[in-house]
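Labels for the chains are A, B, C, D, E, F, G, H, I and J, by order of writing; each one numbers its residues from 1.
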Amino acid sequence: AEPFKDLPPMCAALFEAKARKGLTFEAIGKAIERDEVWIAAAFYGQAKLTPKDIASLSRVLELEQSLLEADLGANWWPRRGLGPMPPNDPVLYRLFEGVLVYGHAIKAIIHEKFGDGIQSMIDCQVTVDKKEDPKGDRVVLTFDGKFLKYSQW
Amino acid sequence: AEPFKDLPPMCAALFEAKARKGLTFEAIGKAIERDEVWIAAAFYGQAKLTPKDIASLSRVLELEQSLLEADLGANWWPRRGLGPMPPNDPVLYRLFEGVLVYGHAIKAIIHEKFGDGIQSMIDCQVTVDKKEDPKGDRVVLTFDGKFLKYSQW
Amino acid sequence: AEPFKDLPPMCAALFEAKARKGLTFEAIGKAIERDEVWIAAAFYGQAKLTPKDIASLSRVLELEQSLLEADLGANWWPRRGLGPMPPNDPVLYRLFEGVLVYGHAIKAIIHEKFGDGIQSMIDCQVTVDKKEDPKGDRVVLTFDGKFLKYSQW
Amino acid sequence: AEPFKDLPPMCAALFEAKARKGLTFEAIGKAIERDEVWIAAAFYGQAKLTPKDIASLSRVLELEQSLLEADLGANWWPRRGLGPMPPNDPVLYRLFEGVLVYGHAIKAIIHEKFGDGIQSMIDCQVTVDKKEDPKGDRVVLTFDGKFLKYSQW
Amino acid sequence: AEPFKDLPPMCAALFEAKARKGLTFEAIGKAIERDEVWIAAAFYGQAKLTPKDIASLSRVLELEQSLLEADLGANWWPRRGLGPMPPNDPVLYRLFEGVLVYGHAIKAIIHEKFGDGIQSMIDCQVTVDKKEDPKGDRVVLTFDGKFLKYSQW
Amino acid sequence: AEPFKDLPPMCAALFEAKARKGLTFEAIGKAIERDEVWIAAAFYGQAKLTPKDIASLSRVLELEQSLLEADLGANWWPRRGLGPMPPNDPVLYRLFEGVLVYGHAIKAIIHEKFGDGIQSMIDCQVTVDKKEDPKGDRVVLTFDGKFLKYSQW
Amino acid sequence: AEPFKDLPPMCAALFEAKARKGLTFEAIGKAIERDEVWIAAAFYGQAKLTPKDIASLSRVLELEQSLLEADLGANWWPRRGLGPMPPNDPVLYRLFEGVLVYGHAIKAIIHEKFGDGIQSMIDCQVTVDKKEDPKGDRVVLTFDGKFLKYSQW
Amino acid sequence: AEPFKDLPPMCAALFEAKARKGLTFEAIGKAIERDEVWIAAAFYGQAKLTPKDIASLSRVLELEQSLLEADLGANWWPRRGLGPMPPNDPVLYRLFEGVLVYGHAIKAIIHEKFGDGIQSMIDCQVTVDKKEDPKGDRVVLTFDGKFLKYSQW
Amino acid sequence: AEPFKDLPPMCAALFEAKARKGLTFEAIGKAIERDEVWIAAAFYGQAKLTPKDIASLSRVLELEQSLLEADLGANWWPRRGLGPMPPNDPVLYRLFEGVLVYGHAIKAIIHEKFGDGIQSMIDCQVTVDKKEDPKGDRVVLTFDGKFLKYSQW
Amino acid sequence: AEPFKDLPPMCAALFEAKARKGLTFEAIGKAIERDEVWIAAAFYGQAKLTPKDIASLSRVLELEQSLLEADLGANWWPRRGLGPMPPNDPVLYRLFEGVLVYGHAIKAIIHEKFGDGIQSMIDCQVTVDKKEDPKGDRVVLTFDGKFLKYSQW
């Protein structure tokens, strides 16, 4: 698939192994004790695996640990940010549209509740939950990030 | 402030009245029985007020109801989407960065949990909560949107 | 052809098999009980085939089912959106021009007829018909999409 | 509203008169014997009114005919194309997304049915209909445009 | 040369055969009874050859007809539009500059002479002639395109 | 109309006088002994009027000569290039599309007929003619520009 | 000056008062006990003044405190980010060039010294010092920002 | 990693050798008597190694000196500037954000302290230091560049 | 003229006074002992006048010195860089084209003659001369800028 | 090096041969009686070699003449314009900055000295000279181009 060409080749191998084993991210996440969104981010080269994560992934996906370490280990650092902006894919575009439409309101509320600063996207945890609903199931997407106050000097 | 120049003049009047009355969006939201993020979105011209909302806002902000109706009432429809993309302001940029860094992972999890479709940004509710934390308070931003399945025909 | 380089390699194989068999999308659509536009969208990686679609396509195009499944089956999700924007090709550009010239009028009529919301492009069916006309045949392009009302909360 | 700043001042006057009279585009269209989408396009400066249209509009909206003629009459030609591309507003964006996602499929079907040419967006009629549906009403958007064959010379 | 990477591989073969045979587009055009600009456009993948054109080209360039048919025949449709915009090459840029500098004047004259419509670039023939002149020879570039009137409905 | 905001204010006055007098560019061109396209270009600030042109225009349009001289006379130089690129208006876009689709072919023919150089858009005359045709009248747009050979040194 | 048009009107008043009083940012910074870079950032609407800062500025610049409070006080939040990117002005462009040329090296060193995370531009202090040097004085620009480690979850 | 595709192939070999030897840029910098940021810049093709640097690197990394010389020696000149702008990676983006937010303030202070000129990014030394801090370690990034005065002539 | 809207209002006054007095930049340059290109750059807000320049200009153009000082004096610093890029105007575009076509060759020669560094555009003098030639007069444009060597550290 | 990927493969061979022979562009230029800038432009595919140039280059660089002719000979025409704009490399960017900062002044002087027209970048010779200076050597870059007067018709 298209974003792989911007990623280390080992990322494609991770996706192939996942498909071959028939595992979901939820299953992989549970097996290596990580959230499913975070481990999916790591597959897309957007998070740095710890040595323990690499050992666990190697076991769960039956991939040679030394190859994982060579490509995604201590000497590799994520180049974060993936794909064109604005995104073409409607799933991604809807998130982008959320920023376009609700961004200023979110900013206003953050300032009112916290003061002059930002929600960190570094010290932040992202989760996706399914909420069943007779009128149609709902996706609950949560960003839980530390508030960072602007320096004054 | 800058995004007002792309908004109906009444939006600036809303912000001025809010400042004059010393009200937060939380207070206004409670007074008119709306979530604070949604009412902030309406101030930025990103949501359509109902006649009841207009009547309530007129009372709470002491703004002439007929003026609100003329500018933001039945004949007005939001032109949604505000500000440059990518956004310059760091608060807004961090949300955009969330799409850049975690977007593909979120898409993968949505597909695994729900199938081929998207999280609606139309039938969606956005909330911002403050979670106190001794290591620094946290912003909890939630998008709760209906899953929409792709048509096949 | 050019958009193939952004698509899974199996997409090129689909087009080649179609040419080899001398089939139109109309013929393929009839054989697998899908609309011709939808099946063309699937060839361009813009729709997700069901297992039944894959079995049918494999039969109609004489392509190995397991290869189709490996590339475009359960583990593959469409990355929708294809080609540069604005498009260079005049056929595609005319559609884009339709948005530029008539988009605001269409938005106004949707709001008048349905209220504050959008026409879904997810729960939407697209068809192309030929209408014979002595002054020159006409292309009738139809988007039939569910109206989605904006949330208020 | 925002796109007016790129339009002749008379366009804003048309919208104000329409609001003042409490008329829909459907009502105006019927009164002057034009389709509602076409007349909305004319309000947005995207179509050229005939002298008869101007006389009718003047009567229906109670606007001075000579002012309409001076601004939108014989000496005025539409500068077509309105608003930023890609569009920010979700209603407009969905149309644009239709081109991104289904454009190549539509092009393929047009070529198969008609040969090497395009669907005209000049000799084209655009309509928006409401189709009631117990699962949610549907917007039916139709582009009915002449097929134009490419010259060879 | 650079634009070939966006073209079917057979296009490069056409240019190589032309160079090997030492033929100009004028000579090829005469041999296959087409204008030189049109046949050059076809070499660049911007026009669709008829079966007769393919047979003639095969003979004139000594290229296997079946290969030409496989790549550029019935199953192939031009993806028109080539190269970056604005173009970097000064020959192409000058044409683009003609649109920038004289485009509004041309539009005004077309409207005055023909009314509300456009010059078709589909039913259009483009020719390049050499006019000898003692002060320096001149390039005479002509676009002869049908006037298309805008629909009203 | 929109491009006036990037032009000297006198340009709007020229258009208003033309409308008031009910003159076409053809009529003005004849009266001042200039081609209609060139004089339209001058109205759009894309050509420099001579003192004689100013005197003639002043007479024909009944505009004060000293005002024309102050704004568009000896101290004023055209800032050529007008409007967004790519252009939104379909009349202008079709010219731009001509460059996209036929530009490489035109370049190839120019090189074959003239060698390594360009068609000047400075020493160039642009004309628009109407060719009557029972199948629909045709716009004949001609660029007659000097060939300029590249320096070698 | 140009960036003022994107700033609250009070910002222009600050610059005018500064010029009228003949004060440097260094002098203002000392008078109100802030660094000169930070106070310059506040003049450009890029930092939020505390009530104490506003009181001090009002005194130092002889500007009415209530006006400062109305425009830049409790109800105002900075919209950070100013001017076009890439910047045209050579002083600003050189900083941008620093990111282009040395950014990847800086990223590599940050990762080696600190691990997977970023230098905060929120909890960051920026200073500009003059270092005299017989070969030409030097500008010493320092960003002193907290290291933020990426979350894993 | 991604920026390598825009770099001479020898750059990838440098990074591989560094990983294989388990060396940090700090260690390499010390071994060849260069600052760690500068040597990292050279690995990214953003600085020109001297013959002595090449000899030292060859020894430290056990890479054939003649290969280094062939690719990065006398006949090679850096093509400076790397990666997309605005950058996607959050580490790089924060530097870019520093220009967006504090650039105008830095420009103002440079002019006040030095006059009309710029900080050179050519005669400039960039360093990254770690400052330990109980509230969280800090990255201290310094640009030490010569002031260059604008010519007047 | 168009670029004035991005300039201090005094710049328009300078151009008006120049036109009123009927002076060329050459004449003004001689009168105040500056090169004509530099003084033209100052009129366009691209250079900083010295107090002596302001006094001289005030005398030559009969403009109040105190007004010149208030707008363009000690408290004003040029915001350099003017107009869109790529430029639309053919005179400016040709300079830009010079960078596109000959930039890499110029870079190669600078490196061969001077080593790893750049031609300064800060310590640089730009002149425009007329060279008479029977085949057509020639513009001789010269950039005379100091070579700056890259730091190594 | 990076711009080679947009050039005919023979261009890389030219650079390799030049490096292998240890020749500067100055030496090559003298050997084949061309200016060093022009021959460097030809290496970058930005100028068309004559048959005599090809024969000379073949001899000087010991490259097979028939290969040079096949790739860069009679059937090849330069596609001029190279690299991204704005350019990232500081050497190229400074030239671009020259257009941004001094372009309007240069245009004004050209008009004053020559009238309404442009400096040709086609009939233009570009040279780079080294001027020794005790305060630092200077790069003298000259564009000597024919003045071209705008047509009036």
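Annotations
One rule holds in what follows: contacts are C-beta pairs under 8 Å (C-beta built on N, C-alpha and C of every residue); 3 or more make two chains touch, one makes a residue touch a chain.
As the structure is a prediction and not an experimental result, all values here were calculated from the model.
Of the two interfaces, G-H and A-D, the higher number of touching C-beta pairs belongs to G-H.
Interface equivalence for E-F, evaluated over G-I, A-C or G-H, points to G-H, where over half of the contact pairs coincide by residue number.
Averaged C-alpha coordinates give centres for subunit G and subunit J that are 42 Å from one another. Our note on geometry: subunit D versus subunit G, Cα centroid distance of 47 Å, whole angstroms. Annotation for subunit C: residues 3, 38, 78, 80-82, 85-90, 93, 97, 100-101, 107-108, 111, 118, 120-122, 124, 148 touch two or more other chains. Per the touch definition, subunit J reaches subunit E in the complex via residues 6, 8, 75-76, 78-82, 85, 121-122.
Chain contact summary for the complex, subunit H toward subunit A: residues 1-3, 15, 18-19, 87-90, 93.
Here subunit I touches subunit J in the complex through residues 3, 24-26, 36-38, 40-41, 43-44, 46, 80-83, 85-87, 89-92, 94-114, 118-121, 123-124, 126, 128, 130-131, 133, 135-148, going by the rule given at the top. Considering their complex, residues 34-35, 38, 47-48, 50, 77-78, 107-108, 111, 116-118, 120, 122-125, 148-153 of subunit J touch subunit F. Across the complex, subunit I is touched by residues 86, 88, 90, 93, 97, 100-101 of subunit E.
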